[in-house]
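Presented sequentially are two complexes of chain A, the first with chain B as partner and the second with chain C.
What follows is the complex of A and B.
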């Protein structure tokens, strides 16, 4: 089902934060924001839920650690024991670098794909919010429109707060 | 903002003085019974607090160099920690001139004849040892005093010029510190085993001491908050300094393991001595808990955001790290002198207790001399408004 959004575009993070706070006070809560860099405090104003990415990262890393350990243990101690420099077959210090690397790799890759999945992004999709210069020097504040009366209030608020431009974007 | 009264009650001050007295008595008794053990304890404890004050200055410098605003509100804590520097230098000067012969085997007539020592004689001689130490002392005092006085003068002047000046001082201090502290770590600690060497060593010593800088700053911050200071510092600040403690405890174990694994893997007789001494026999009871205290426990406690933001868990991690880094120094310094196993008892506890009491009194005095907030710093407003 198409979803109508009203987007206010600002040229500074302070103006955008101020507009978001004002909208929250008036009960017209903004639903999302697109900015060139992370802005402290915006997630509290937008009342965004904490992301599950840290948990994905942790379990990805734990899987990597376990994979690296079992792989090395199975190869070196079970399947093909080899005497290397007179060390024991289960010489744990030698396993640590691989364990470290696979932990980082699994954690990084799983976080990356989980992020794409959670945001509904993939290489063949263009976001309707693309092209607003929010990756450059503009700050976009998104309002989810439920009714026409909200649209009027939102656009007058955005004008008051000094938005450069107001756009309607259908998701 | 008025800050001339002490945060210590007179009973607490008396307690500190009593601890210093006990420490001195224990030191005297140890000098009488086992002079080498006394010199080693003096080296461990004084190096611990000397490095703490230098690390605090590195932390302050890093804040200036990165133009960071988050920590400005409690920057007076690391600034006051640096006030131990002159005391540390005084104690170190006495220990160098009086204790060098009993601590360092290479300064004795038999030790200086060892082929490995003769080959390094251009570096490993007492004249170089003393002159490098004294030159480092002078440079540290100069830069750290400049850094702190600029920061304090800004309170009255309310001018950005002091911030800009301090950026220059900070850059010069960080470079000077890196070079001089590396040499000091090699001379004072690594040369306890004159035939063993590792290029990673100074870096490793620095990493441990820098972690302790963060841990002690956290402990003092939480303590001062109990005493009604810094009531406007909260979860956002805990989160940021907790991240630094977390990151640098990982950095410490990264260097620890890099050094350990290469030497363990090569298994070359002249290199492996450092670790066989510490990880085989009775010293192993200190060797493995050292890694658990300095890395594993802080890592698990601080891994989640909640662990960094909660003052109780943050306190726990910082306290474990602070004790852990004393243990780390103990493990670097004691084993070559006591090859059979750890010597640990009342002297170690009381002398360290005396040093803590001395440090607290020095810190309190310095903290009282300046306003608790750097009111003239342009970044203070940003720091107080810090949120997630």
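What follows is the complex of A and C.
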């Protein structure tokens, strides 16, 4: 089902943030904001959930560590043990550097791709919110329109808060 | 609130000069990508391209003939290639330091220079990685020698996980991968900005595709900031580990002058030192020729000069410590290494290294010199030369007169050795010049963020 949105476009982050706060106080919560840089304070107003990326990073790193350890242990102690200077086949201090490198590699790669996956990003993605110059110097505050009455309240609020333009965008 | 704003204005001059608006920042930073480059760019590109071409010819000769075409011999079995390897990996370190460690320390001045420093890291690590590959002689066997794979078709043995040389393979390839991801992560919003700013449809399509559909929604930004922070947190210990592992190639051997426990921190400090010198070289040039004077200000040059001075002091301290320990060890071979370095046939290299790395950076004690792009550029060239020589001296002076006097010899680089050195500089500068024309060289979203917080007098948000 197409989703109707009302978008207020501002030329400053302060004005947009103020409008978002005002809307929240009036019970007209905004659903999203499109901005050229991260705006601090908008997360609380939009009540966004904390990112799960730290968890992904941790489990990616743990997998890397386990992989590195298993690989080295298997090669040197199970598959083809070699006596080098009478040292133990499982001399683990020598495994530390590769364990560390693969931990970092797996953690980093999984964080990066988890980010793309979470935000549904890929080379052929298109967004209905392009063309508002929010990548350049405009700040867009998006309201989800569940009812007609909300539309009127929102647009009067946006006008009052100094929005340059109000657009309806169907998602 | 007002007093806080006023005092912060007095204490901290703005990081972005010229009273810019958000739109102007986009225009300024997209400008070199959209208009015809200046003549100087074409001259530089031609020189770099010719150097690269010469390198390609020399490398073809090398692969065709084998490593015998280098000046190496049985005694000095590591020469220019390993020197170049350590040098270029070291150059890369400053990029990660600027982008990751300074992000964690919330140093806002990094925003103007982090993008180009990260690009520098990637190109430098590419240059570095080529050297050990070429040094193998038969690079088509590289996969078998470098990485474990199963079933192993070349015999029953796997790679030796207990060798520092193999740790290097893992360290450098992880470093390249993480640096690329971190760089691309930061580029995503700017690629979208470049797409929005582009005039032509093809250009817009390319940037839009590369930006992977970036929309700048609050949810995306929230995850993006978290992911950048995580990658920075991962890159910080990684960068320290990479040069530590590189130093272990030497420290784990028994060659006098190599077998030293001070090597890991000494190499890391040297890497940051040489890397910052290269950043200074590149940025003093690009602010001059690409019109970024309002973004890469004298304050940035000043800050980088300070880091260079600090790391120069650490490196000098390490030289002293090493020499002292060489004497204190009462080991004949260890003592001989230092005497031979200072008075032997390679003494000119040794004293040039000292002049470039210990003496030249001392000018940065004076504010007048730290804030002069010309002086900073000249000193940075001295340091680049000095740090290359440092690696050359460690490798060649260590090897050429070791335990047996009967095997003493000299290393004379051939034109193929020089060709590789020139070719790597060609590769590096060709990549950097292409980057300066095709991608946003300064992180626009971060600059806008800094500008916004400067406007609002915020202090602690980063």
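Here, the second predicted complex is superposed on the first by the 161 of 171 C-alpha atoms of A that agree within 3 Å, B and C clash if a C-alpha of one lies under 4 Å from a C-alpha of the other, contacts with A are read in each partner's own complex, and residues count from 1 in each chain.
Keep in mind that, in the parts below, contacts are C-beta pairs under 8 Å (C-beta built on N, C-alpha and C of every residue); 3 or more make two chains touch, one makes a residue touch a chain.
What you see is a predicted model; the values in this text were computed from it and never measured.
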Chain A: partner with more touched residues, chain B or chain C: C
Touched partner set for A:94, first chain B, second chain C, both or neither: both
First, second, both or neither for A:121, with chain B first and chain C second: second
Contacts of A:54 with chain B and chain C, given as first, second, both or neither: both
Touching partner for A:44 - first (chain B), second (chain C), both, neither: first
Shared chain A contacts, counted only where both chain B and chain C touch the same residue: 40, 43, 54, 94, 97
Sites on chain A touched by chain B in the complex: 40-41, 43-44, 54, 58, 85-86, 93-94, 96-97
Parts of chain B lying in touch with chain A, wherever the complex brings them together: 257, 260-261, 264-265, 267, 303-305, 386-388
Interface residues, chain C side, partner chain A - complex: 21-23, 26, 148, 156-158, 161-162, 164, 166-167, 170-171, 174, 177-178, 181-182, 184-185, 188-189, 192-193, 195-197, 208-210, 212-227, 230-231, 234-235, 237-238, 241, 245, 248, 444-446, 448-449, 452, 456, 458, 461
Chain A residues touching chain C - in the complex, by the definition given at the top: 13-14, 32-40, 42-43, 46, 48, 51, 53-54, 57, 71-72, 75-76, 79-80, 84, 91, 94-95, 97-98, 100-102, 104-105, 107-109, 111-112, 114-116, 118-127, 129-131, 133-137
